[in-house]
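Take a look at these structures.
Consider the two complexes below, in which chain A is the common component and chain B and chain C are the respective partners.
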Partner chain A sequence: MITTAPHTSATFPAWFTDRQQAAWTRYLATPTPKRGDETWRFSNIKQLDFAGFSRNASTDPATDLVARSSGLEAPAAKFVFINDTLAHAESRLPAAAICLPLAEALVSHSALVEAHFMRQETRLGSAKYAALHEASLTNGMFIHIPDHVEIPGTIEVHHWLTGANTVIFPHTLVVTGTAAKVRVVDIFRSADQVQPGLAIAVNDLSAGPGSKLDYVAIQAFNEVTRVIQINETAAARDAATTGFILNTGAAWARNESLSRLEGAGSRSDMLAVSIPARAQEYDQRTFQHHVSPGAFSDLLYKNSLYDHSNTIFSGLIFVDEEAHHTDAYQTCRNLLMSDTCEANSMPGLEINADQVKCSHGSTSSQISEEEIFYLRARGIDPVAARQLIARGFSVEVVSRLGDDALEALVIRFIDNKFANIATGGA
Partner chain B sequence: MSYEAAAVLDTETHDAINIDRSKGDFTFPERNKFDAGRGLTGKTIDYICDVKNDPQWLRDFRHKALQVFLDKPMPTHWASKDLDNINFDEIRYYLSDGEKPKRSWDDVPDDIKRTFDRLGIPEQERAFLAGVEAQYDSEAAYSNVKEELTKQGVIFVNSTEGLHQHEEIFRPWFGKVIPTADNKFSALNSAVFSGGSFIYIPKGVKLKQPLQAYFRINSENFGQFERTLIIADEGAELMYMEGCTAPKFETATLHSAVVELVALKGAKIQYVTVQNWSSNVYNLVTKRGLAMEDAEVRWIDCNIGSRLTIKYPGVIMKGRRARGEVISIALANTGQHQDTGAKMIHAADETTSNIVSKSISVGRGRATYRGQVHIPKHLKGCKNNTECDALLINSNSRTDTYPAITVKGNRHSTQHEASVSQVSEDMLFYLMQRGLNQGQAMSLAVNGFINDLVREFPMEYSVELKRLIDLEMEGSVG
Partner chain C sequence: MRSYFPRDMSLHIEDLRATLEDGTEILKGVSLEIPKGEVHAIMGPNGSGKSTLSKVIAGHDSYLVTGGSVTLDGTDIFPMAIDERSRAGIFLAFQYPSEVPGVSNANFIRAALQARLPQGEEIDAVAYYKRLYGKMDLLEIDRKFTARSVNEGFSGGEKKRNEILQLMMLEPLYAILDETDSGLDIDALKIVAKGVNAMRSPERGFLLITHYQRLLDYITPDYVHVMAEGRIVRSGGPELAHELEKHGYEFLKDLALA
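And now, the complex of A and B:
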């Protein structure tokens, strides 16, 4: 795909230019994942052939896509990017909060960005693509909420992909200070249903002591687009973070989510709903890293599989030697809605501490005849009964977001997907 | 220890072993001096074939396996890096009886002697278990059992005898359940195997008594590279017991066995293993069973010893309604890594499998569960249940769980559950309040944790197992 070193804008600070060059060297030096790599077990390695993709300035009339960027009724701030280029910005945030396109923040808040920008090593398999992202990104969001500032409502960011064989590198960096609070939603979409695209996205979340940071990613690209999405979350003492991913789009999507519980008493909720249909493939890898004692993490991933779709879930709870009194849970549930779908689960635990409570569970099953019978007995026809059960299965995860407006938005995307599946998701 | 040590036992050894020869009519086996030397080359293979008088097909088979072994990389991308510490050039791949390392009773470590006492191991077996060169012939001791078996048409011989005398039964299944190229260590075993059992149970024969390797204890049964093949013909049933609860004192550091089970229509095989190698041994074992229609294969596996054990007993359910089960107990103490698990391959409709694994990590020990469940497309009504529970005793114990579950199609159900916990303070407090010391309370709690699995073992094993766990837990707390 991209064979020449990306050009870093001259307006960016020197440290950033150095980082991009170093990342490019690392990208070239890192081998492409191959069959047999444990982090790519069960994966369709062929999907990693990105030949023919290139960066592309927006060609569609921006006004159309900006108009289509409907999300929440009253977002606290709203940004629209088209092929990584800022097309729209509005903000009602308090003056103390920094919420800027990354290209702008790099100039105006260089030191602050440098302190937080891609500090963690990517360890779930996509180190090569994280390096490519770091070397190539031109924009994104930088959100910094200072100590004791709480943002009411949700910051909404739209990322549009347009033009055939286009690659984008969306980046979201959210930092909260002590006892701050923020909620951010990223919405990823394609301008049309036919042009293949590629998105290599990174979101970095750093929650300061006692702060609350919620992040939602809605991935609804068209079904000829491929996605790699890398999440890094760090929670300081008593911080609470929630990461939620909805996958309805893309031909192939790889999600890597890593939560590091760095401070005592921190909490991380890792949630995902995926509804693959037709030949869609979702490959999800998670890591719950308990560094400090007394932290809590809870993961719930639910997949509803239709047609010939395929999912992979590989999760690991890793408890460091000193992280006593850890509470860590991991659950992956697969609802099999067709004869031909395939669900792979690899729920893992690595425990080095004592006094821990850890469990993981993974189930794969179809809707039971008893459930259908129960609903039929109440006058609901079998197709509607299956639709209801499948929808309820996903909605259970969404309801953990704890914000009605945001939940309604996510459910809207879920219902769109069901409407787009033969028999309406039954 | 010197391999050239005198073949004559010193008096202390005699006293220690103290075999009453009149009782069992023991005879010493004749000594053959065969030694393939250290390291592994094509010559080693030829040497083994010559000594064992292998037919040409087996010679070719071994050579091919050697090539596979050399070509395959170490599985260190997922398994323990400790594997890199094995020096394949230092290992002796074949020693006939006469050249087995000899040692006197004095060389047996005190803790192992003490364990024998505590477990109440029969005197006759102690010396053998300790590896002291005073093997006795068990033919006489177990002649009644043997006679009974022969009457029923059961074949129970070592693998060499099996392939020489029963080639028509042996060869069609040999290497079929576990192909040579299955993994690096199955290839190694295929190249240099010697010893192990060959068992054939005829149609409809249901053995009431479990078969034990003890029955032919003077044969090369506890070899480094043993190869066992068990075939249960239609409707046959047997239970086979391997190993023993006592620690087996060994100086050879690499053990790599291959065990193949074939359960034909409606047959049932239970394979019970208690592994307690001394803690310098690499125990890298491939075990798999094939279950045809309505057949059942159960692995009951207990791992207490060794430095590193890598073992995932598997069942391929090839016929309708076949059933596979793995029941596994692992105890990892300081310096040990028990990397065990199960592999369930569903290959027919309505097949069911069950995995129950319990591990205990003590001191700096590390216990790992690694599992695979595979349900391919176009099957219906397959079910799997997996439960793995881990208990951590000390603050630096370690436990890992890495299951992999693949389900294709929607007419199946699988569930996997794992939990990690420690013995609760409340429980210990309650027991100590009733007069137990902390160690006793801990032992009781640990025995309770695995109690429902221990019951699956034959009576005498489960009693010994409980004592053994008490022993392992000693000094681990307080």
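And now, the complex of A and C:
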């Protein structure tokens, strides 16, 4: 792993250099998570041995990867990063919107970036890796939508990992002003299926009053790559945010998602679909933090587990003393597609306010025999029937995105995974 | 030269016996022949084995066939898996259709049709929707149901109409309707009957399973059979249904005594 302090580019502002140096010190001072830590309960701590990974300045094969960066038919803007280096940019955004590679924004909009850059404390276990990310990142996306500006369509960002034992630090910072609207999708992939990689990614969403901010992360790395992805969301008064994570790739993925409902009447929808197969492990930790009264949060995580895969879900709804009239829901559903998979769920609730409506629950089940019988009685063979039902189980979450084009994109990745499972990973 | 036997063109059930997994015998020797072009109705009290008969023919694995045979146009269906039987031409309209969350009705029916095509052949989407909408219009099903998850949040009547829609799309050789009339109001019943009547053809046989004579006011059967305690105890013409409506199943007690 990286053992010397990362070198901050001389073009970046002094505050950023200071932040990176402080983060590096924090990284060194923070102990590595160990067995027995509450936030790493059930986790496979061995996955945190990152020895041998280093940064890689190569963007080969750049032309090929840019060509393979297909997503939406008509994105509002499209950026392609290869090993954190910008390889392609196009934009049809209104002039008022700022949508820039972070390296550029740090120079051109330094104060604005500083006001929003990594403001929340990482509380779900990966403080050490968040510090490493902060110390090491060299680029990313900075998206700032000013008051009353609505972006039609979706901003699409591709992140490629290439070369053996490469580590990347993707960063996406999205800020919406009052009554602004934006939708962003990050797509994470590997250049090939054989070279091990590591991604330590952070996305930071800050939704201004009455704004609407939707974010989708599609994680489709190869199955010898590991990922830590930290999602921070802050919703101001009457803001509505949606965070959606799709996990189909990686050997091991850790998602930490925290939503802070800072303003009264704010809303956060936290959604995830994970389809692990073979020996894939997905470890998901969530926190719905109700700070203000009258806010709403709804979490729905669905896992379809095949083969020897395993998942961990640990979620907490936390209602502060002042956050009366909170509405908070948390559901994790596991569909067990094999007898050898393992799903661990640890839902949690802590309420310190009055007149609160909260519920949490997790279920694990296999496909019901009656459902299979119904499909087979229509002529659908048992393999296709199970696949159709498992797909439906996932698609139900996707349909909450409320945008046809984006839903179709997510479903394309889901279908790729099911096809990959059907052919045994070939 | 191949000789012609009526059973070559029928769904032929002969001395069929079936038990539950625990050995309880439900079907105690059912014999019935449904030639193509005919509509047969089976009536009978609750627990007489009517629904079991339909599930055994469809291939449900909660039942163990202990004797007898079922042939489809002369071919033994018991070696066939559930889905093979469907593709061979047997259709069961369920009494309680399953909900399939996240699978749209249009995609579900399309998958069922796709399963009938040779590998590599794809359904023509435009023609498919045209045909689907045509059948939906006949069954007075709103277009929005194509995008809704299969049976999820459907009312009882909507579920039954959806079963008939599938019947119309899949065009089976033999259709078994298991208590399709239960839970339907009179308007829904008329629509369902309209769908079934539209599907009556010299190329297709029907077996209607019902507890009440009401359905038979709208779908006139060629034959009516009464089932009790796992057997067909009486067979007759459509008038038998009216007789049952008038006198109920009381006569079965006399039969049991005899």
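The rule is short, and it goes like this: the second predicted complex is superposed on the first by the 420 of 426 C-alpha atoms of A that agree within 3 Å, B and C clash if a C-alpha of one lies under 4 Å from a C-alpha of the other, contacts with A are read in each partner's own complex, and residues count from 1 in each chain.
We adopt the following convention: a residue touches a chain if its C-beta (ideal position, glycine included) is under 8 Å from a C-beta of that chain, and two chains touch if they have at least 3 such contacts.
Being a predicted model, the structure only gives us computed values, none of them experimental.
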Which of chain B and chain C A:S399 touches, first, second, both or neither: second
Partner chain(s) touched by A:R391 [first = chain B, second = chain C, both, neither]: second
Chain A residues touched - chain C or chain B, whichever exceeds: B
Partner chain in contact with A:D339 - chain B first, chain C second, else both or neither: first
First (chain B), second (chain C), both or neither touched by A:V113: neither
Chain B versus chain C as contact partner of A:I414, first or second or both or neither: neither
First, second, both or neither for A:I245, with chain B first and chain C second: neither
Partner chain(s) touched by A:F42 [first = chain B, second = chain C, both, neither]: first
Contacts of A:G348 with chain B and chain C, given as first, second, both or neither: first
Touched partner set for A:A377, first chain B, second chain C, both or neither: second
Doubly contacted chain A residues - partners chain C and chain B: none
In the complex, chain C residues that touch chain A: 58-61, 81-83, 86-87, 91-92, 94, 97-103, 107-109, 111-112, 115-116, 149, 166, 170
Chain A contact footprint on chain B (complex, rising order): 77-78, 377-378, 390, 392, 394-422
Sites on chain A touched by chain C in the complex: 368-371, 373-382, 384-385, 388-389, 391-396, 399
Complex contact set, residues of chain A against chain B: 36-38, 41-42, 321, 324, 334, 336-366
